[in-house]
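Everything on this sheet refers to the single structure shown next.
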Amino acid sequence: MTAAPQIVVDPAALADEPQVRKLGQWSRLPVKAKAGAILLGLFVLAGVIGPMVAPYSPDYQSTNPALALHAPDGQFLLGTTQSGQDVLSQLLTGIRMTLELALLVGVIATVLSVVVGVTSAFLGGLRDEAMSLISNVFLVIPQLPLLILLLGYLPQKGQTATILVLSLLGWAWGARVIRAQTLAIRSRDFVAAARETGESTWRIIAVEIVPNQVSLIAASFVNTVLYAIGTSVALAFLGLADLSSWSLGTMLYWSQSAQALQLGAWWWFVPPGLAVALMGTGLVLLNTGIDEFGNPRLRDAARAVRIGGRRQYPADPTPVWQPGAQPRSGLGRLVHSFSRASLADHGTAAGGRTS
Amino acid sequence: MNAGPVLDIRDLSVAYRTPGGDVKAVSNVSLALQPGEIVGLVGESGSGKSTLAYGACRLLRAPAVITGGSVRYQGRRTSGPADILQMGQEDLRKLRWREIAIVFQSAMNALNPVLNVRDQILDGIHAHLRISRAEAEAKVESLLDLVGIPRSRLRAYPHELSGGMRQRIMIAMALAADPEIVIMDEPTTALDVVVQRDILGQILELKEGLGFAILFITHDLSLLLELADRIAVMYAGQLMELGTSAEIQHEPAHPYTTGLLNSFPSLHGPRRELAGIPGTPPDLRRPPPGCPFLPRCTFGTDACKEVDMQLVHVETSPDLAHVTACPFVLPGGEPAGPAATRKQAADTPALREGSSA
Amino acid sequence: MTGAAAEPGGVRSAASRRGPLAMEASSLSKEFRLGRGQVVHAARDVSFNLYRGAVVALVGESGSGKSTVAKMLAGQERLTAGTIRLDGQPVDLSSLRAFRRYKGSVQMVFQDPFASLNPVHTVRHHLERPIRLHQGRKSKAELRAGVNALLEQVRLIPAEQFAEKYPHELSGGQRQRVSFARALAAQPSVLLADEPVSMLDVSIRLEMLSLLDDLRNRLHLALLYITHDIASARYFADEVLVMYAGEIVERGPAEQVTQQPAHPYTQLLVASAPDPDNLGSTLRSGFQASAGRGVAVAEQGCPFSPRCPFADDQCRAEDPAPQPVSADRAASCWHLDVAAAAAVATAGESEV
């Protein structure tokens, strides 16, 4: 304990408003979450209408040597591959494919983690121990070697196989986090009160507990989607995917195998690489945004409030606002309360100021 | 030595900036704390009692803003009176804990769970006082003796201690720098009656010995009647009444005080008629004109909408320091006045100040 | 109904005058195993009766086991030993159906109104569920009317408006009223109120208690009022049971127990209550300084003996059984005569 702790008396932070309704209000979302959502929205849009607006078929190969490894120009906005395929058309198709896979994995794995996490926390005892053991096993096994092994030996290497395998390996982390939060919620009085009215265990889980975990479940979903994008691209890059289909990963695989880097054909591997990076950024932004949202302490800890044009940090003393004391500053004057930076400049000069 | 108050709060106003407009949590409150005095600050939750105390020490974080007033501090060790509202961060750091210490309601949250009692207090001492390690350790032991914690518990962790013990440690930490003022924010609310009693007795004892002044914040008026020298009654961010404990108990001059006095059951003496205060406090974003207590007041009349909420002397009281925000005459000491008298008072809104001289 | 009710503590309950017997708790015990062979006795041999239309107050400090007793009666906590009878029948909680049926008669109100309502649901949701579960099939209009009637019963008016609100839009007192309404939706005969007002402001506590009192009267409820505030028990209860370390140490009519406490622990509780008419007397005298310190509980003998000013070897060796003080009062103490004499002496002192 150093100084006396700051008192948080923020009437808005004290009210525990339901997360569901808050998540639905765009204007109240943190900036990071908004930026992430917009970025991802663009990709989803590209994924939905992309294949329709793609100028060529991604598979169409031209035998014309002049059209192989053609640099970007007005006709081929992102150039062509070694076999004369249009990179832009491949990209638009690939985004859809990768997004589709990632979202499906996200949905399946999140449902699994909610079911496992919530029930294991709620049932407790041996069943909890067993379920926790299983999720811990899934957490510690090395993922990539297992994936390579599994996908290498599966009879077919299509999209469905990848989705199923990734979902099977992707739920454990979410299950652990959700289990922990369920344990905390389970001991709240409103759960006991629901039991008091005679509700069944399953109804208490579905109606009373899960709606309180919306932000955590959303975060878990976003995280799983991120994991699915990364892993599926990596697997395709290693050739462990249906190489006749177009995803961001298979694009990278073909550009690598054709030595696009050595040939200087940057337009072949930069667009898919950049697309993966931007999707990842969008997801991370969305995730931290949701995190701050579900955890007001996190949000308030970093938030500076603007009072009368000056930024107030949480560690600053209470600002003093005296309207009319110094009309020159327009909005009135803050007698004290420098931001941290100006404090460092002024040292302990504060005593000399009077209004 | 200076005979003036150690803490002189004048016309202090504090607001919370919210998107829906300013919440005027404290409006124009003046309150002085004399050396060695216990002032009780009583009110319902949301009455602004904590905001007043923490605002006066500049402990509230934005969006809380002090919108007016002054807070003068004058200690034995400081040279002249200083306005806390004009102080810089460094001066405030020196002021807090060394001059003004705080005992929080929840000792469990205020104590560090991974430090034992000894390290906990040592930490605080080293952060604020420049004394040697040996001196600091001796100080810890004397502090624990002071609050009656056996030295065998020196190495105990917060979770190993009872609620009463934890609260005692908070008090010990607050007293480490021999402060002039100790602000106590509901220090015993979470404790059992027997322990509460014991700690209050100890606080009194320590105060007699060390001579600090106490600003005691609580929603329990019955406790203050016994403990405090003077009591300030707060409602909707404003002072309703201020007077000695005996005056407040026997000659309450504000209907809100009367309401509070009638809302706790007493164990001793004959059974009384209990009334409580129906209704809820007003929305401080849009405070009603005049007296904020009007909607819940059993005596309210239209004249109350024009009351300017200035504290005026209670004419029936010989004590000039007994003031109230209700300008109408309540029959002396009687909780419920006959309607006729009230009407009359409303028709001739004679301020007590004018008529008492 | 099975014949005459047993008389817990060997005395006739002061609450029995109000109405017929509703619930009997006989010799309830609860042990928590902490591992390493350590056992905590949260409740030991607790017996009392609840009567329709009467209020029985269970008074004690935190850790005395009073909430454990409430949870056992509510069926939220398993008994280690003892039986609970409702209207003369032993309580059966073996299946969800049986538990639901029991909940239709026995309801509990929780202490913290900020924790006991689900933040994601409206008031309407909180009230509709118990109506559906306990009042049979209802049409939409009937449900709506039922919710409104409940809200009006706890004086949340206009009901239609309150029904649509979320918990965070309500004050503490309003939330607690919703909790009351939710308990009443099951149309119970027994209401267990676990510190229903201790989280609320002093100024609204009285209003809430008078609401509870009114509901008890109108609905003829058997009410168990659990509290640490013995003064409120004096005004509100017919019979007071004082609990210490899991045992009931004194029982009797509220006015008598609070005005002439027989057990040394009750005396300590009463002496600790603020007394505005006798300013600072107990605060400054240090009367209970020895008794207040340390919350030690004896391993054997009378649980209060480590803090008791009258304790002797007998107290430390043997746990006293309830001794009748009068026809409707009993206290578990070996030295009731000594304690009574001491109480008279201090009372005389403070009057001087």
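Residue numbering begins at 1 within each chain, and the chains themselves are lettered A, B and C in the order written.
Keep in mind that, in the parts below, a contact is a pair of C-beta atoms (placed from the backbone, for glycine too) under 8 Å apart; a residue touches a chain by one contact, two chains touch by 3 or more.
Just so we're clear, the structure is a prediction, and the values are computed from it rather than from any experiment.
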| item | value |
| --- | --- |
| Centroid-based (C-alpha) most distant chain relative to chain B | A |
| A-C compared against A-B, more contacting pairs | A-B |
| Distance from chain C to chain B - Cα centre to Cα centre, in angstrom | 32 |
| Euclidean distance of C-alpha centroids - chain A vs chain B, Å | 47 |
| Two or more partner chains touched - positions in chain C | none |
| Complex contacts: residues of chain C adjacent to chain A | 74, 76, 96, 99-100, 103-104, 107-108, 110-112, 115-121, 129-130, 133-134, 166-168, 179, 182-183, 185-186 |
| Touching residues (chain side chain A, partner chain B) in the complex | 1-12, 305, 307-308, 312, 314-323, 335-336, 338, 343, 348-351, 353-355 |
| Touch list for chain B against partner chain C, complex | 44-45, 148, 162-164, 192-198, 200-201, 204, 219-223, 225-227, 245-246, 249, 259-260, 263-269, 271, 274-278, 280 |
| In the complex, chain B residues that touch chain A | 14, 16-18, 23, 50-51, 54-55, 58-68, 85-93, 96-97, 101-102, 104, 110, 112, 120, 123-124, 127, 173 |
| Residues of chain C touching chain B in the complex | 61-62, 171-174, 201-207, 210, 228-232, 234-236, 255, 258, 268-280, 282-284, 286, 288-289, 291-293, 295 |
